[in-house]
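Each of the next two complexes has chain A plus one other chain: chain B in the first, chain C in the second.
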Partner chain A sequence: MASITYKGHEFEVDEDGFLLRFDDWNPDWMEYVKDSEGITDITPDHQKILDFLQDYYRKNGIAPMVRILSKNTGFKLKEVYELFPSGPGKGACKMSGLPKPTGCV
Partner chain B sequence: MAFISSGYDPSSPMKNRITDIGPRKYSEFYPPFIAKNKGKWAYHEILEPGVLVHVGESGDKVYTVRCGTARLMSITLIREMCDIADKHCSGYLRFTTRSNVEFMVDSEDKLKALKSDLAARKFAGGSYKFPIGGTGAGITNIIHTQGWVHCHTPATDASGPVKAVMDEVFADFQQMRLPAPLRISLACCINMCGAVHCSDIGIVGIHRKPPMIDTDWVDQLCEIPLAVASCPTAAVRPTKIDRADGTKMNSIAIKNERCMYCGNCYTMCPALPISDKEGDGMAIMVGGKVSNRISMPKFSKVVVAYIPNEPPRWPSMTKVIKKIVEVYAANANKYERLGEWAERIGWERFFSLTGLKFTHHLIDDFRDPAYYTWRQSTQFKF
Partner chain C sequence: MAKHATPKLDQLESGPWPSFVSDIKQEAESRTKNPKGLDYQIPVDCPSDLLGVLELSYTDGETHWKHGGIVGVFGYGGGVIGRYCDQPEMFPGVAHFHTVRINQPAAKYYSTDFLRQICDMWDLRGSGLTNMHGSTGDIVLLGTQTAQLEEIFHEITHKMNTDLGGSGSNLRTPESCLGSSRCEYACYDAQDLCYNLTMEFQDELHRPAFPYKFKFKFDACPNGCVAAIARSDFAVIGTWKDDIRIDQAAVKAYVGGEFKPNAGAHAGRDWGKFDIVEEVVKRCPTKCMTWTGSELRINNKECTRCMHCINTMPRACRIGNERGASILLGAKAPVLDGAQMGSLLVPFIEVSEPYDEIKDLIGKIWDWWMEEGKNRERIGETMKRLSFQKLLEVTGIEAMPQHVCEPRHNPYMFFKEEEVPGGWNRDIAAYRKRHLR
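For the complex of A and B:
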């Protein structure tokens, strides 16, 4: 598996650029990922979604369903896509350090 | 090869982005005689295996030649189809819902030239590029999946077995001697992408061993609750295991005696690989249909619990398929689909006629509905 060094941190990632370990996450990871996800600046709106994903994952051990994400953050799916062009899975979950989405995606 | 940009700018990915435009409208690609007669067809006939004629209310005729394809194909072959379409059909062609290709012409002279052109084309290895057939009461193309070509959960291959089966039943692709159409489908795992669960004969890849548990990675790569909830028999549960350094880590435990090797947990969790060279193989199902003709649609039923994978030609599997086809062809009434025939004569007769071995694996044991598949009657043939 590849590892990435960014601002002195080393991140182990898979071929899709997801962190292999949630515990490796730190704020610099978001800085590193945002370019490849088509995001120029991490706004408070971005941060709200990323924080919610991390809280939910710590508490429940899974990523939230899209409807739960929308309901809790108040962002409609369309707005989530405006913030994260690759969408809540590939974009937001990757930035927040959650495991790669699985199943028939 | 050097990088050649399409004009996309990775530094501003949303610039000039076109989205939500959907597929092209089908009518853009209608041959003129189809556009003209759309919704005004009077009747059709099957002139010979693989050749249809539709007659419009205006008297217009359109001849269709249906050819088998391997579904998985190169751009080179698609270009060859385009050349054929340019030469005979003014550039038009279509694909069927079973991945056959259809060329359409509006006169018998063109039909004759088209047929002889198609029949003469072969690959260097000798296989027909465009075998004509697949109509009426025969065996048409096999709906199939990715297999070892592209998927990560298969228990068998798709393209390989499909080629082996179609070679075995090729004569029935090019003739119409069966009591009714016989649909064969293949899926390489029990996700059953495609039509295995509703085909006259279904081939489905199965495992026979529980998944391995990559304990180092389960908690990192997987959302453990998803893996637990993915199990139809509740064999998966979360657990903690001791590390060498004395700390605990989250993992998964599987009750092997409850596991029936469906592989759903691997779909959800990459740390639970299940495929196994000797363990994996295929099950054969028969008797499904989707049409409403005479009887209601039916699910196909498992009649062979396991046949080993035998690449590259799967001889045991093709032999079983051939046997089922032959016994069905010899015994069923006209218009009778395989499932209708088996239900009419009784499944015990199906097994005695085909010589397939009835094993305990075939008796349903999944939850309450299993009971309805047992026989609560004294009506039975010895």
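For the complex of A and C:
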């Protein structure tokens, strides 16, 4: 596994660039990831989605279903992709420090 | 000289069946020689290292791919299956070995020109290995590195006018049998419906929005050449409403031996002279046929359109002229709660462009399942959990005997409150006036 140093923080990541430990997350992680996810600036809209993902994960121990993300943030799936070009899984979950989505992908 | 010794795999080069080992070795050799002088974008020895890692798995009986992998292209949430080797030092050529799913043309007709373009692109940017095709239907490009994904996507979309297939919790790549392109049993244009719905639902295919995966398959008759009833959540299976068309002269030709039964499918063995009574009339599941000695008669009211007589005497019996399809819902593999095949939802539906009726039905089913389906619950499981009755309600379909193979044998029946005089609100005191404790 690789480890990344950015602005003095050390992040351990897997091949896909997901954080190995949710607890390692801090705001600089988002700054570091955004370029590889096709995002120029983190807007309040981005932040709303990222915050929701983190809250949901802390409460439930899993990432929310897409439908729940849309319902709670008010962003349609299309808008989520406009904000995060690789989508809610690869884009938003990665930036918010959640574990890598698994299953039949 | 091969990069790795592969004594076990080498044994799979003998025998008559086309050997995947010989083929991979051939590709490995071709990449080493590089006759076209290509600037290979991923390691030249990718196929050699694949054989190496496979030999290792043969030796220790365990897979050597790491768990999962999330890679893709911008704008899509699926289409690429990420994969990493768990021995990257030993086999650097397959350290990354991602699979790219490409949406195939319905029923898989190709021109060599198109396939050549795919191969040229894949030689340069991938391993040179493929699956033709994945079980769902996609062209499968087997093995490339993350940096190549956007390059591949750009090339197939810009130069080949071709898109990725589906993966993840979304609509997967639809597929059909070859339908009316070269089959006289086709009750509707399966390829056209497949293509039309694929285009209609591009968003659902590329951006996972469902509780779980969802598959369409289109069989143009009950023979099920694309196995829609077993391998798709939403199966469209062609059928007809009127009478089987019988050409009595052709029937006589079968009886007389001029025409071979089943178009000669059993020619490899002597089954004796064709016996229309034994092989057709008595085999009919509803026993709705009679052979008078000079004429074949079918009581079409009792025919379940199983295809047997048509399959046996294709030159004498033909599908009817009032054609459409049945729709069956909910097929899935065993995980989690057991395998299911499609259950009949719509016995007969018109199938003609622009297919609005079918699209409306799909919309109703998705609206319900996207709202009610649990995380990773196939529609077949949602039907089990919330009942077939609920499915009928949300699709606005009237219950009919054709919906069941047999009625329930348990008496645990739910009634709606409005169906019951007096409703559910009862006063125990009123009851006690008639029945003392």
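The criterion applied here is as follows: the second predicted complex is superposed on the first by the 105 of 105 C-alpha atoms of A that agree within 3 Å, B and C clash if a C-alpha of one lies under 4 Å from a C-alpha of the other, contacts with A are read in each partner's own complex, and residues count from 1 in each chain.
The definition used in the following text is that contacts are C-beta pairs under 8 Å (C-beta built on N, C-alpha and C of every residue); 3 or more make two chains touch, one makes a residue touch a chain.
On a predicted model such as this, the values are computed, not experimentally measured, just so you know.
**Student:** A:Thr102 in the overlay: touching chain B, chain C, both, or neither? Say first, second, both or neither.
**Tutor:** both
**Student:** Touch check for A:Pro85: first (chain B), second (chain C), both, or neither?
**Tutor:** Both chain B and chain C are touched by A:Pro85.
**Student:** According to the stated criteria, A:Asn60 is in contact with first (chain B), second (chain C), both, or neither; which is it?
**Tutor:** first
**Student:** Could you tell me if A:Ala2 is touching chain B, chain C, both of them or neither one (first, second, both, neither)?
**Tutor:** Neither chain B nor chain C is touched by A:Ala2.
**Student:** Check whether A:Leu77 is in contact with chain B, with chain C, with both or with neither, and answer first, second, both or neither.
**Tutor:** second
**Student:** Applying the document's definition of touch, where does A:Leu20 land relative to chain B and chain C: first, second, both, or neither?
**Tutor:** In the superposition, A:Leu20 touches chain B alone.
**Student:** Does chain A have more residues touched by chain B or by chain C?
**Tutor:** C
**Student:** By the touch definition at the top of the document, which applies to A:Gly38: first (chain B), second (chain C), both, or neither?
**Tutor:** A:Gly38 sits against chain B and chain C alike.
**Student:** Of all the chain A residues, which ones make contact with chain B and with chain C?
**Tutor:** Residues common to the chain A contacts of chain C and of chain B are 38, 62, 85, 100, 102-104, listed in rising order.
**Student:** Show which residues of chain A lie in contact with chain B when the two form their complex.
**Tutor:** Residues of chain A touching chain B: 20-22, 38, 57, 60-63, 85, 99-100, 102-104.
**Student:** Using the touch definition from the top, list the residues of chain A that touch chain C in their complex.
**Tutor:** The touching residues are 15-16, 18, 38, 62, 65-67, 77-78, 81, 85-90, 94, 100-105.
**Student:** Give every residue of chain C touching chain A within the complex, in rising order.
**Tutor:** For chain C paired with chain A, touching residues are 66-78, 81-82, 84, 96, 167-169, 203, 207-211, 213, 370-371, 375-376.
**Student:** Can you name the residues of chain B that touch chain A in the complex?
**Tutor:** The contact residues of chain B facing chain A are 12-14, 191, 217, 220-226, 267-270.
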